[in-house]
Amino acid sequence: MKLFLWNLLLALTWGVATGEFTPTNLVLGFGLGYLILFFAGRAIGPSPYFSKVPQVALFALFYLWQLIRANLRVAYDVMTPTHYMRPGVVAVPLDAKTDAEITTLANLITLTPGSLSVDLSPDRRVLYVHMMYIDDGDVEAARRGIKEDIERRVLEVMR
Amino acid sequence: MSSLILRTATRFMLPLLLLFSVFLLFRGHNEPGGGFAGGLVAASAFALYALAFGVPSARQSLRVDPRSLIGTGLLAAVGSGLLSLVLGKPFLAHRDLWTIVTLPGFGTLHLGTPLVFDAGVYLVVLGVTLTIILPLAEEQQ
Amino acid sequence: MTIVLAVTIGCLYAAGTYMMLRRSLFKLILGLVLIAHGANLLIFVAGKPSGAQPPIVAPGASQPPAGFADPLPQALILTAIVISFGVLAFALVLFHRTYQTVGTDDSDDLRVDEV
Amino acid sequence: MKDLLLPLPLLVPLMAAAVSLLVPRRVRVQRLLAIIGTLALLGAGAALLIFVASSERIQATQIGAWPAPYGITLVADLFSATMVVVAGLMGLAVAVYSLTDIDPPREAFGYYPLLHILLMGVCGAFLTGDLFNLYVWFEVMLMASFVLLALGGEKAQLRGAIKYVALNLVASAVFLAAVGIVYGVAGTLNMADLADKLRGQSAEAGLVTTLAMLFLIAFGIKAAAFPLFFWLPASYHTPPVAVSAIFAGLLSKVGVYALIRVFTLLFTQETAYTHALILIVAGLTMVTGVLGAAAQHEFRRILSFHIISQIGYMLMGLGLFGLTSDPALKSLALAGSVFYIVHHIVVKTNLFLVSGVAQRLCGSFELARLGGLYSDHRLLAVLFLVPALSLAGMPPLSGFFAKLALVKAGLEMQQYAIVATALVVGLLTLFSMTKIWAEAFWKPLSSGTQATEMQPPQTASARTALLAPIAALALCTVVIGLAAEGVFGLALRAADQLANPETYIRAVLGDPS
Amino acid sequence: MGLIAVVLAGFVAAAVAPWLVRIARGAAGWVLAAVPLGLLAYLAGQLGSIAPHGLSVSYPWVPSLGVRFSFHLDGLSLTMAVLITGVGALVLIYAGGYLAGHRQLGRFFAFLMAFMASMLGLVLADNALTMFVFWELTSITSYLLIGFDHERPEARSAALQALLVTGAGGLALLAGLLLLGQIGQDLGLPAAASLEISTLRTLGKESVAGHALYLPALLLILGGALTKSAQFPFHFWLPSAMEAPTPVSAYLHSATMVKAGVYLLARLSPVLAGTEAWTWGVMAPGLATLLIGGFLAIQETDLKRILAYSTVSALGMLTMLLGLGSPAAVAAAMAFLLGHALYKGALFLVAGAIDHETGTRNVDQLGGLRKAMPWTATAAALAACSMAGLPPLFGFVGKEAAVEASLHHGPPWLATGAVMLGGLLFVAIAGIVGARPFVGQRTELPKHAHEAPISLWLGSMILAVVGLVLGLAPGSVDSSLLAPAAANVLGRKEVASLGLALWHGWNLTLALSALTVLAGVSVYVARLPLRWLLGWGKSLSRWGPAGWYELGLKGLNVVAAVQTRLLQSGYLRLYLLTILVTTVGLVGYTLLRRVELPRREDWFDGALHEASLVSGLIALAVLATILARSRMRAIVALGVVGYGVALLFVLFGAPDLAMTQFLVETLTVILFVLVFYYLSPSEPFSRPTARLRDATVAIAVGALMTVLVLVTASADWYPSVSGYYAERSVPDAHGRNIVNVILVDFRGLDTLGEITVLAVAAIGVYALLHLRPERRQPR
Amino acid sequence: MTEVLSSLLLVIGGAFMLLAGVGIVRMPDLFMRMQAATKAATLGVGCMLFAVAVHFGELAITARCMLVTAFVFLTAPLAAHVIARAAYSIGVPLWKGTFCDELHDQKDQQGPPSPEGSAAMSGQTDSKETAAARGTPSDDNAGAA
Amino acid sequence: MTPWVMMRSAMPLSTMTLTDAAVTLALIMTSVAMFLALVRLVLGPSLPDRVVALDLIGTLSVGFIAAYDIATDQPILLDAATVVALVAFLATVAFAHYLERRARDD
């Protein structure tokens, strides 16, 4: 089942790539995807596949907003002579469990300016994030910010 | 590298890159791409896998010895040219070895020996790059 | 315009030459790479590049739009790039093995057999 | 017919190599393929030569059926067809020799496919009628030679290979740049088309000559001409003998071939400058090479330096060609070069093969540690003496007639300096050969020699595999000498074709009508 | 046809000789002697038929080069051929005994037979180049025979010396012969015939002498002749060649091969002689050799070396006579040639027999052997008398003729004096060699002397007796053999008797002859004080030609070593530097010599392109690469260079190229990183001066390439072939991406070659990484 | 309208690019340089690709732009993460103003080999000490000289 | 639309379209960013700094190509950008791999 979903995704990607969403092209993409999955089969571990389209859309909008907002903040900092940063490496305990969840979360964290996933604890329970703006030195607030703003929403979408 | 994040992403990237590589191969005759670019992308995919998971896993996921890809690719490339030689034309004369297949709902497909040739190139490039990179990475690990 | 490209090519050749003349084998290889870039660009410029129109025929058309770039130098360079990639890979590993076996990065230490 | 015969010398080794690559662990199959492949290559070459010689014209095939100058043309004139035959012969001889000489690990790691691909590159360079394609074949040949040189990974091999690789890559870079510029100014890569177009550029002869210099450098390095030869003595004594032998026979000669090709076909605008320069280079190459050999005391190094020296003779014919307007003398000079190349390939390959047997019997290549071969190995002594004396130009062996043609042409053109050089260098060559003879053959084996270093062939078949190719090549040397008219007549006809580019141009581009 | 059989028979015999030795063992010499004897018989049968034109055969060999397999038998060649076969037969028999039981006897006979055949070929050949072929073959066989005792270093170096000296002369000869052919062509001979000696002789001497190439040709040919015949200053190789077994010395180095030079002069004198240059060029070295050889001979104590120097001296006599060139001189030369071959061959064989039986060749140790070795002694006595020029032996006839000739030609006091001086030295030498070992008291010897077996004395005896017989009846060889030979030398159609006779009556010649003998005897008597007196000469000879040879050889080695150390220094960077400097020099010079640099508007149109930005990026990245102080830094910077180049490709409409360049660059970086993982840090190696030098060269290279690009960009002679691709790509090749269509179709062969390169690179990398010496089992 | 939108996006994208460039030069330590550079550039690329999509207004090209954007958004954080992780592991120093380093503290507690030169300091609040503790000033020769 | 930056900037403002101006500005800004990245690449001080600079130049290239696409109306050039976007990060991964090995081995 999982593989089937994967295969479908690959077919769609093929469609996007070729820019032709004709049925034949999608079937071709599906076939190619099948072949590739056959050859790469062992590489792909367990991987959930969700189609929560509305959730995803909402999250995307939220994320975009985060992205722009954070970027502007950094921009201001970069362009102005004084550094306003209060950086630090913060340990964020994770609720995310699966590989996909953790990875998605980490990447999304990284993608927003001002935060950067540096490492994951060996037991996969803590994500260490480098943050540029720990306002007022409140580490806990920063930690909470990540958990509330991003992790919760990500898990909502993914679970 | 032991980063779970990289590994998980790599699991996703591998098929994506491979698909993209095949895409490059097939459209190469009409749009930018082709056997070289395709083969290099495919090789990059496995190189990434080898960096993330180690060479043995990469070899496992490849399933075939990259060296045999080289031989196969060479034979495919030569073979595509031999056909015309057998038909009494000069070597590598692709120009009359085309069929235009019309598929309902898709349009027309131009199929010819150059595709076989380019696929041979793809295989050789893939095989070669991996034959080079995997042992080197192995040496480091 | 040509002068800019010509000087760039000259830079690549000069830097490549200088690196090749170092005793360090690593720098020698670096020099070869730079010179390969220089040679590729030289072919490119010798083909008199003009515009940005790629030599690709639009679907349905039978010839590329006017002002298309000369495809032949591109094909030649593509071949040359791939060849130099193969050569470079081999040279790198050869260097690697030499370093492991002879234990040096200094080309002056390779004299032993000749003198 | 020509559409089949011309690509065959490329396809045969390529197929043999590809199939060998598919069975990496089945060394016996690879061995069999090595013999069959090289034999087939020889056959293909012979068929091509017969075809070209009997058809009385230059043959060309348009690969891909695209008309010249748009596609790639393979061209076989008598010169290139002859070279293909010789390459096939050397391939066969070395393949047989390799059965004993190459150790199982090297065999298992791709020795035979590499040999095939080397031959393919060599034949491609001989047959192609396209300048960039020539670059590609050079690279094929070069890459195969890189790997063959380093295969085995011994210290000396690696040291030699580094120098070999670095210096040859410089040549490739120069070549590539030159090709790019040629395309930039003439808009074509087809050599016949180029010949046609460059001839019409008398106003731009200066630039054409500048290009000629780039090619002179690029091919001069490949040909190991003075002062560009360093890669050769730095490396040829390091790989297994079979590899040295095929290198010695073929590689630098491809450079000479390319020089002859472009300096007869493309760059004949300012021969008083270009070919005079070639003649000077020829003389200096002869002298430095032979002096280099005189300074050596190792079998293969002596032979390596002699390659350089002999390259000078081959270039001498080319230089002389450009300095006369008499068509008969032009042909004589070029025929001298062609004949010299054929002779040299056979002889030099053979000498290297002999050096390998000597090393097996005495455990060393050092003259000081060799000895006693004359007393105990009569056949080997004869088999050394024939090519050695031939190399020194002793009559009635092949080398004598090669030198005779060049000396004759030089004298008739009143180029006395180069003739004197050629003759004196001949004497010094004799000196070197007798040095080897006296040390390795006449001198008794020194008592300190370790028996453990010797690796005499153990079985009769192993011995045959070593000696049969040597004997066959020695026989060739004798036959080429005694029946020199056959080969020299061929060389003269080949030279006529070279000296008249019009026939080449017409064969490729078709008649102007 | 018969002539060709004569030449080839020896080679066939040479090929079977080793097997014959295995079968016939001790009798092999006798059996093999049948070959030259048979040939002798054949030749004797031709005695009558050679006059006036001789016999000729001619087949094409390498006609394109003017080489014909053509032979000509006339008086001169017949004389030589008779000597070669006759002496050859005797020497073969002798060698069978002398080297009985030697394990390399088979090879010896093979070489000897091959030599004989070559020598026959030399004297019979009519085509100059064919003659040269055999000329060189005699040098090679001589080399192999001198070095027969190959385990001794002296033998090896003597063989080399002989080969190098005669080989050098041979090369000069080749050039000379070719020039002669050219003269012939210039004088109207057809190209095919211009190298046939018989044809060349039909040219008028005057026209040849008037040709601009006459002098060079003459000098070059002399170079060949004088070295081969051991004329001063090339004489030194001959005494050294005495390292050869005695049969070889007797045959090659006295009777036949050393006469090849004289033969050549004789053969070509109808073409070349008669000029001042000839007279002095031939006579002067002959005269010097005659005297120097004689003086050196009486200083020696080794029998063979004495004989060798006396041979040198005799060859000088022959050369001098040919240089004089008068009919009388030529006649004397012919007589002397034959006489010398007979007595000197005999004396050598005697010397060998003595050595064989007593174990020494030192004349000071020898004495009183006449009883122990009567046959040998008899032969020696006869031969010595002949050498001393005593009647009634043939040597006397020869000497008389020589004295006679010297009186009537040239500056009389010089030639006559030389002949007399030479003659008296011959007498003394004859005494030392032919008489001294046999007379007087028996001495203590390394071996107890017995008479040698018949094979060892038969040869000398026959030669000596023939000398006696011919001395008694000189007319028998005069008309049949020597007169035709002399006619050939003089280039005359009609054969006139030489007038050889034992008795010419009481005349000046006889008086002078007698005087010579008397003086010679006194020299013999006073030989020991003389040897002592002349001792300084020996120390002087170190500075003589032999010393020059040694010095030359040493000099060659030094020059070679220095040159090689300079050029092939082992430093890769110097190799690269040399190549790059050559490139810049050659290409730059040629460029500036003739090419007009493009005008400014051709390369700068006033506008700037996006490419300028990218170019700047590349240039800076390049700078960062070369200035990087660590490897990883350089690799990163190199990556930027690659990306920059790819961007340039994008800017000029090359997406395929850019794509591939990006990919390759990325993979290259990965490769670099993987490979340089292990590398430990290294210090900068070069000194500042070296860096400055290299930077200069590098800037020159860069400047050259820049100028080349500018020149190229402004030169646009013809439209590119690419128009065709644009036109045909879609309709014929079914592809819209023209670059890809070129790669897989229009120029698919390039791509095939290219993937082959890649495949090979992969094999190479794989093998380098997996196949390591330490992991390999010994084979 | 299309022209205005695409131009606007282009300029915004370019501005973000420039921001990335300034950021990578101006920021005081590696981690903040990455923060400034990678993300701004990613967003900038997104904007510019959006501009391309708007400019051409064709489905195929829009799809292509989406694809490229997706690729960039997929790979950029990965690259940032791996290099940050590696940099941290070789002890690239944090800025002296760095407020806390909980990863370092955690490593100290667990006791795996800490980067060389790091004293067993756990000054959670003293940023100067954190920087000092983490740090050998590491040129890239933390790998190769 | 002409690709010449300077030609465009030399154009009278009246003939310059909005897109021209935007493209010129974007290209210049991206180029400046590249130079700045190069500055970081040269300055370091640590290898990761340089690698990040390389990575940034890769990303900037994608933007550069996108802007150039608009400037020249050549969407096809975007294909090159696709490849950069997809594989350029591999170089960074390789360096990271190297650094981690190094850290572990030391």
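Per-chain numbering from 1; labels A, B, C, D, E, F and G assigned in written order.
The rule we apply is simple: a residue touches a chain if its C-beta (ideal position, glycine included) is under 8 Å from a C-beta of that chain, and two chains touch if they have at least 3 such contacts.
This is a predicted model, so every value here is computed, not measured.
Participant: Would you mind checking the shortest number of contact hops between chain C and chain D?
Facilitator: 1
Participant: C-G versus D-E: which has more C-beta pairs touching?
Facilitator: Answer to which pair has more contacts is D-E.
Participant: Which chain has its C-alpha centroid at the greatest distance from the C-alpha centroid of chain C?
Facilitator: In terms of C-alpha centroids, the chain at the greatest distance from chain C is E.
Participant: Please report how many Å separate the Cα centroid of chain B from that of chain E, as a whole number.
Facilitator: 62
Participant: Distance between chain A and chain F based on Cα centroids, please, to the nearest Å.
Facilitator: Chain centroid spacing, chain A to chain F, equals 15 Å.
Participant: Distance from the CA centroid of chain D to that of chain G, rounded to the nearest Å?
Facilitator: Centres of chain D and chain G (C-alpha means) sit 49 Å apart.
Participant: Centroid of chain E to centroid of chain G, CA atoms only: how many Å?
Facilitator: Once rounded, the distance between the two centres reads 71 Å.
Participant: Could you list which residues of chain G touch at least two other chains?
Facilitator: If we look for residues of chain G contacting two or more partner chains, we find 3, 27-28, 34-35, 44, 47, 50-51, 53, 68, 74, 76-77, 79-80, 82-83, 86-88, 90, 93-98, 100-102.
Participant: Got the chain D residues that touch at least 2 other chains?
Facilitator: 14, 17, 21, 63-64, 66, 132, 136, 139, 143, 146-147, 150, 153, 155, 162-163, 166, 170, 177, 181, 183-185, 189, 233-234
Participant: Where in chain B do residues touch two or more other chains at once?
Facilitator: Counting only residues that touch two or more other chains, chain B contributes 1, 3, 5-6, 9, 16, 20, 30-33, 36-37, 41, 44, 47, 67, 70, 74, 78, 91-92, 94-95, 125, 128, 132, 136, 140.
Participant: Which residues of chain F touch chain G in the complex?
Facilitator: Per the stated touch rule, the residues are 3-4, 6-8, 10-11, 13-15, 17-22, 24-25, 30, 33-34, 37-38, 41-42, 44-45, 48-49, 51-52, 55-56, 58, 61, 64-65, 67-68, 71-72, 75-76, 78-80, 82-87, 89-92, 115-116, 137-144.
Participant: For the complex, which residues does chain E have touching chain G?
Facilitator: It is residues 607-610, 612-614, 616-617, 620-621, 624, 632-633, 636-637, 639-640, 643, 646-647, 649-651, 653, 655, 658-659, 662-663, 666-667, 669-670, 673-674, 677 of chain E that touch chain G.
Participant: Okay, in this complex, where on chain C does chain G touch?
Facilitator: 51-54, 56
Participant: For a test of understanding, state which residues of chain G touch chain E in their complex under the given definition.
Facilitator: By the definition above, chain G touches chain E via 3-7, 27-28, 31, 34-35, 38, 41-42, 44, 47, 50-51, 53-54, 57-58, 61, 64-65, 68, 71, 74, 76-77, 79-80, 83-84, 87-88, 90-91, 94-95, 97-98, 101-102.
Participant: Which part of chain C faces chain E closely enough to touch in the complex?
Facilitator: Touching chain E from chain C are residues 1-15, 17-24, 26-28, 30, 33-34, 37-38, 40-42, 44-59, 61-64, 68-72, 74-79, 81-83, 85-90, 92-97, 99-100, 105-108, 110-115.
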